[in-house]
Amino acid sequence: MNYASYIALIPLLPLAGFVILGLFGKKPFARSAGVIGTLLIFISTLLALYTAYQYFFVAGKQHGIYPAVKALEFTWLQFSPGLSIDMGLLIDPASVMMLVVVTFVSLMVHIFSIGYMKGEERLSTYYSFLGLFTFSMLGLVLSTNIFQIYIFWELVGVSSFLLIGFYYDRPAAVAAAKKAFIVTRFADLGFLIGILILAFYSGTLDFGTLIQRLTEPGSSALAQLKGYGFIGIPVFSWALALLFIGGAGKSAMFPLHIWLPDAMEGPTPVSALIHAATMVVAGVYLVARLYPVFVLDVPVLQLITWVGVISAFLAAVIACTQTDIKRVLAYSTISQIGYMLFALGLAGYTASLFHLFTHAFFKSLLFLGAGAVIHYIHTNEMGNMGGLRKYMPVTHITFLIACMAIAGIPPFAGFFSKEEILLTAWQNNQPVYYIALLTSGITAFYMFRLYFSIFWNKPLAHNHNHHGEGPWSMKFPLLVLALAAVVVGFIPFAHYISAGQQAAEHTIPISFSIAPVAMALAGIALAYMLYYKQNERPQKLATAMGGLYRLVRQKFYFDELYLFVTKKIIFNGIAKPAAWIDKHLVDGLMNGLGRATTGISERIKAWQSGSVQSYALYFFGGIVALAAVFIYWWTG
Amino acid sequence: MNIPLTHILFVSTALFFIGMYGLFTRRNLITMLMAIELILNSVNINFVAFNKYLYPDNLNGVFFTLFIIAIAAAEAAVAIAIIINLYRSHRSIDVEDVREMRG
Amino acid sequence: MALDFLLLMKQELLITVIIFTLLLLKIGSDLSNAAVLNVANGLLLLNLLAGTVGNQTGALFNGMFFTSPLIVLEKNILSLGTLIVSLQSSSWLKKHEHVPEFYILLLCTLLGMYFMISAGNLLMFYVGLELSSIPLAAMANFDLAKRRSSEAAMKFILSSAFASGLLLFGISLVYGATGTLTFSEISSRLDGAPLQVFAFVLLLAGFAFKISIVPFHLWTADVYEGAPVAVTSWLSVISKGSVLFVFVSVLYTVFKPLAGAWYNMLFVLSMVTILIGNLFAIRQNNIKRFLAFSSIAQIGFILVGITGSSQPGTASVVYFVLIYVFSNLAAFGVVALVSSVTGREQVSDYKGFYKTNPVLSWVLTIALFSLAGVPPTAGFFGKFFLLMSGAGKGNYVLITVAALNMIISFYYYLRIVKAVFMDANEQPIERLAIPVYPKLAMFICVAGIIVTGLAGYVYDYIYSLSFGF
Amino acid sequence: MSLSLLIILPLITAVALLLCNGLKPVRVVALTGAVVQLLYSFYVLLMYHNQRVFDGTPMLLQENHVWFAPLNIHYHVGVDGISMAMIMLTAFVTVAGILVSWKIEKLSKEFFFLLTLLSMGAYGFFISLDLFTLFFFLEIAVIPKFLLIGIWGSGRKEYSAMKLALMLMGGSALVFVGLAGLYFSTQTAGGEHTFNMLQIAQLRIPPETQLIFFPFAFVGFGIFTALFPFHTWVPDGHSSAPTAASMFLAGISMKLGGYGCLRVATLLMPDAAHAYSWIIILLATVAIIYGAFATMMQTDLKYINAYSSISHCGFVLLGIGMMTQTAIMGAVLQMVSHGLMTALFFAAIGMLYERTHTREVAQIGGLLKVMPFIATVFVIAGLCSLGLPGLSGFVAEVTVFMGSWENADVWYRLATILACASIVVTAVYILRAMGKVIMGPLQVEGASLQQAGALGDAGWNEKAAAGLLIIGIIAIGVAPFWLTELIKQ
């Protein structure tokens, strides 16, 4: 079966959008940028769906699994024989799934943006950046080679930077964009070094070969990796942990999560696309990609698990105290990705990817809904909202669906995937299970806190809105995504996507679902109590919690900690001395040589006294010295 | 009468250093010129003495002396002309007054 | 014999004829200055041309006088330099009352140099040396009314007399030690005894005085500064060049048995000379004085080449002197023109020079670059070969010191360039018209600077004539 | 059609420039010369490709003429992939440099003359196979810089020009000693010493000799490429230079050093290079990290780019010091990439400066609003500098890292990791500058918002210059395989 011809088009069409709108955005396409961009991604989406159809239903399984196919591959950069960066298109269940998710969500965001960004001066720039991002993300998911994934990893990073900083004249947006890029760059450093280690010992950068070389029985590469150590830890663990740091950075995992909430400075549709559905799950995807390798090292899996759990819990707690609706959603994203990661750490490959899949839909729906709200009311602050259900019926309903989905209320999508994850945790690690269960309760609470605050609570104080809920271009994506949030949970995910050979199809016992659903309902009930009507209770509660509340409200002072490290330690402690040393010591040395020369020159001026007698004396002295030295001391 | 060569060389060397001393200490330009003549004369004595004592079979040394005397005369002539000219502009033939250029 | 005599001594004879011609002109007619200049330059050109034909190796007067293609080449280089100096000084001489005398003195020194180069005997050498230096003292005083000119002449004649006294003392000791004055015999009788080394040191000092090796250099700057520019350029290029030629051949042939001793001496002297020359050159404000010290540093580099004591050694020294003639005379040409028209000789006077005199500025810059050793000017090749010759001995300390000293020398050459191109000046030197003769001289110099280096043939030719051991 | 034409064409251009009169002819002649040279470079590339198919030898299109027979000095030129890459770089940067300085009115004839002379030096240097020829062209390329900075520069231009010239001269003095040492330790079949690099490579200099002369050659060339601690000419020189001169300096001139370190020092004296590699790596790592941190504190855009050049050139030296095939390839890639990128960066800074008359980061902001093209150029240069995939910087850095990692020694690895870490620091300072100058609220010191808003965007010449360099950067970044194929031996 030959995929190459059209699969290559899936990422290349958005790229074409980027190039066309980037170069000619000003003159011919200033008005039609949105349509052009949307059209291209629409074709991409159709092709992606067709690919999925072809892959899952036409080609089907071979020997009980869906085969991994390289639709296209060429050498991009040859390092040494056997070691090269190859660019290719890898088609396997995970990548096809991601293909669908990315193109679909991207299409929705493109459509939504037509309405949302209307009147924006730099519309073509916006759409070209969206194209660049979509291209990069698609390249990332289709990677055949660990370096290819790194390349696109960086590219999504920069598109994220560009889009966060889209409103470039707002200092906050600029700061957020820089923060996002630098924090993820720092994580990517780990990724890069991890790649270097793995590549050196396994002698390849290709995913397939790499996995095969490391997992084959009696693998010499694995033996070497486990044999050598650095500071008492095997190189293998270093490599995987470093790779994971890369993933954690992109996925905003604790303690590298600080960039994601700030990233909300970008246009809201961008947040929906990049910071909810696609780019931030790249870390999960990376670990999933190399899952057979990660499985070989238990300590790293545990690291992943605990990072995931802690992130899930902490982010959920922080989300309860935030008042900026996009920030709440951002923390909820961190929390949900934490779920996916600890599921991976606990061998729940399918569960994790399933949650990734469902999360993409309901989270982008939440963001787009939030976008619609912001579009309507021109503020992000929860305190300024309330009673919007009357004005924005479509948004209200779809938002509610999404909230139910994320809270894990059956039969919405989130329920199924979260259930899988909790089951995995229950089976493998009980403490994690309990924390996760608690977290899911908190999730339901803060989501409904958000929901009630926006749509119920106090009535809208003054409505100076002249336009309605928004054009159809905004409502349509909400409806489509809401539909998806309802139905995608019913897909028999495990049938299609599973780790390695075992196609583990199992059903979850009904009895297991009782606890999580009960937790979720409890959370909702609490939110209802506190936020359904305007009242004093939340305030009182916050006061009662005192220091704890402040700690959480200030996000555990992570930003301040980072600020301290960068400003005080790196800036004042390293960079300033370096610049000083360069100016005064190193350059001073060079200038000093010059000064010394002129100084000596000035000092010996007196030799040239102008008196002919002293000249003769020097003359004679020269003879005496020469004669003395060369006749008596230095002969031969 | 047999004066050894060393005696004569001693005289010439003494003359040489007397000339040197004169050159270094006298401030009058003419006197300095005379001191230089002393040095040249010490060389002359050397040549003649070597010729007489060591290599009597040719007259290289003696001839050299003749040339030195002649050239010294020319040199003195030019030098005195210059000193006269110097006196015109400086109104002095003290070497210490003639050190405008230095450094 | 008669024909041999004519052929082998043709340059000396020709110069003598020219001297007498000029003498007769002086006595017999009252030609205008311009006419005298035309005649003199024509005769000098003739002299240069005569040097290029019918050359052969041979000795006259029982080895007193010796000539070979290399020697003829060396003389030709001097003739060329003389012609250039003469062309350049025309704008100064035109206003002077004693033009024929100047030429007579000049040519007397040239004749002295010829004899010195061709000398096969210490007596001949001494006569040539004196003939080339006594008239120079008179020439240094040629700006009769200027205080500094007199001072320079006084310093020169006293120092020079003192130096020749010491040189003679050395010669007398050599004579005492070997019993001969003939070069070829001396070298066979030397064995490195302390007395001989001492005699050599005295001789070396005599040479060192003429070519300004530190610490025998102190007269140089004062005399260069005080003397008229034409005389300064003559002193710094032709006079030095001639003594260098003799120095090399004397070291390589006569004092070959003392090579161990003089190698070490030159090793030390060259480093000291480069360093001191550079250090003094850094802060000079008078451009002539500056060029004096820079030429001292140049001598240090030449000494590095001489230490090579090989065929490349001789070749590179002769080659460098040729390049030095072009480079230094190009610089002096500009200085002479500026000085003769405006009387300004300070480095600071040259600020903003490029704005008013672009052509002169470029000539000066190219000359300075050549002196500094920047490609593609010939100076680069000259210095490269000198240092390579020195490196041939395997003494990399010397080479490294010399090479690093190039940095300092760069500094002061670039300082002038900076003044010319970059500095602002309230009263720059006005736009100067360049008369024909100086223009011609500059053209020759610049062409020489460019061609001598890039055309490998020149070096090949010099190399083929050279000798070493 | 021969390789020497690469030297002769600029020479003709230079002479033609001297004969020109008036602003317009001068510009046209200079540009025509550079463009013809660019086209001819492409032609040479083509010839090289064609010949390489048939001919197995590494050096192609050789020309060998005796220059100074007594010393066995030849005019000997030829190209291999590395020199071909450098020639293309030079051609690109030259055209861009001339385009950027289109508007220069002060002594424009001299300006373009010196630029052309400088490029001639670079071309000659890159094609030389004889150490003498190489040294000759190396020095040719020094003095024009002095004049360019001193006459057309800004700020403390005389001081910077002098510093640059003296330090580079110091470098070439050391190079000279190294070359002399090499020369005298060779002995060809005919009993002569030789400067011929191909012969020297085969002769195998005795290791003891290598140990003596390697430091001279390496440090000497190293000064040209900002080897720590001899890098201090870089910030001052670059920041005082006029735009085109900065582009030449960082884009071409610093590459002379890297190329020399590789070609002369390392490849001709491999034993010594191995022995000293830890020192090279140490210095390179220090340069990378320390340069990056020092950059963070700079407030002048040109200083930022100059210091970052120190850091980036550290990668070149690191690659050379690591001595693996891949690392060396990375070093060459980095030279080409950095050449294009930094030239672009300086071009962008120059364009900004021309309009805002300040280079202080604190005094300008939000320029994307008024000059989108220049701002975009700036962003692209910045992203290339911080190693974004798809632009050339990434390819080069990654290749250096991969190559460095091939050394299994722990300290080498540590150095590699530190070098990798610099990409984060690079991101910090690039984004800081970018965030302030390009993004944020519009601000131009000394101009009201209205005046600032009226500042124009790039003219055709600036667009062409930037476009040319960006094409190069993207061509390498998107499809590095053609370049690595070219470089590979």
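We just call them A, B, C and D in the order they show up, numbering each chain from 1.
Simple rule for what comes next: a contact is a pair of C-beta atoms (placed from the backbone, for glycine too) under 8 Å apart; a residue touches a chain by one contact, two chains touch by 3 or more.
As the structure is a prediction and not an experimental result, all values here were calculated from the model.
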{"item": "Distance-to-centre winner among chains (Cα means, whole assembly as reference)", "value": "D"}
{"item": "Chain centre separation in whole Å, for subunit D relative to subunit C (CA means)", "value": "42"}
{"item": "Rounded Å distance between subunit A and subunit C, as computed from the means of their C-alpha atoms", "value": "76"}
{"item": "Interchain centroid distance [CA atoms averaged], subunit B/subunit C, Å", "value": "27"}
{"item": "Gap in Å, rounded to a whole number, between the CA centres of subunit B and subunit A", "value": "96"}
{"item": "Residue numbers of subunit C (touch at least two other chains)", "value": "154-155, 158, 162, 166, 221-222, 411"}
{"item": "For subunit A, residues contacting two or more additional chains", "value": "594, 605, 608, 610, 612, 616, 620"}
{"item": "Numbers and ranges of subunit D residues touching at least 2 other chains", "value": "166"}
{"item": "Chain-to-chain touches, reported pairwise for every pair that qualifies", "value": "A-B, A-C, A-D, B-C, C-D"}
{"item": "List of subunit B residues in touch with subunit A within their complex", "value": "20, 23-25, 32, 95-96, 98-103"}
{"item": "List of subunit C residues in touch with subunit B within their complex", "value": "122-123, 126-127, 130, 134-135, 137-138, 141, 144-148, 150-155, 157-158, 161-162, 164-166, 168-169, 171-173, 175-176, 179-181, 221-222, 225-226, 289"}
{"item": "Touching residues on subunit D, where the partner in the complex is subunit C", "value": "66-71, 73, 132, 135-137, 139-140, 142-143, 146-147, 150-151, 157-158, 161-162, 165-166, 169-170, 173-174, 176-177, 180-181, 183-184, 212, 216"}
{"item": "Interface residues, subunit C side, partner subunit D - complex", "value": "311-312, 315, 369, 374-376, 380-381, 384-385, 387-388, 391-392, 394, 396, 399-400, 403-404, 406-407, 410-411, 414-415, 417-418, 421-423, 456, 459-460, 463-464"}
{"item": "Interface residues, subunit A side, partner subunit D - complex", "value": "75-80, 83, 85, 147, 150-152, 154-155, 158, 161, 165, 168-169, 171, 173-175, 177-178, 181-182, 185-186, 189, 192-193, 196-197, 199-200, 230, 571, 574-576, 578-579, 581-582, 586-587, 589-590, 594"}
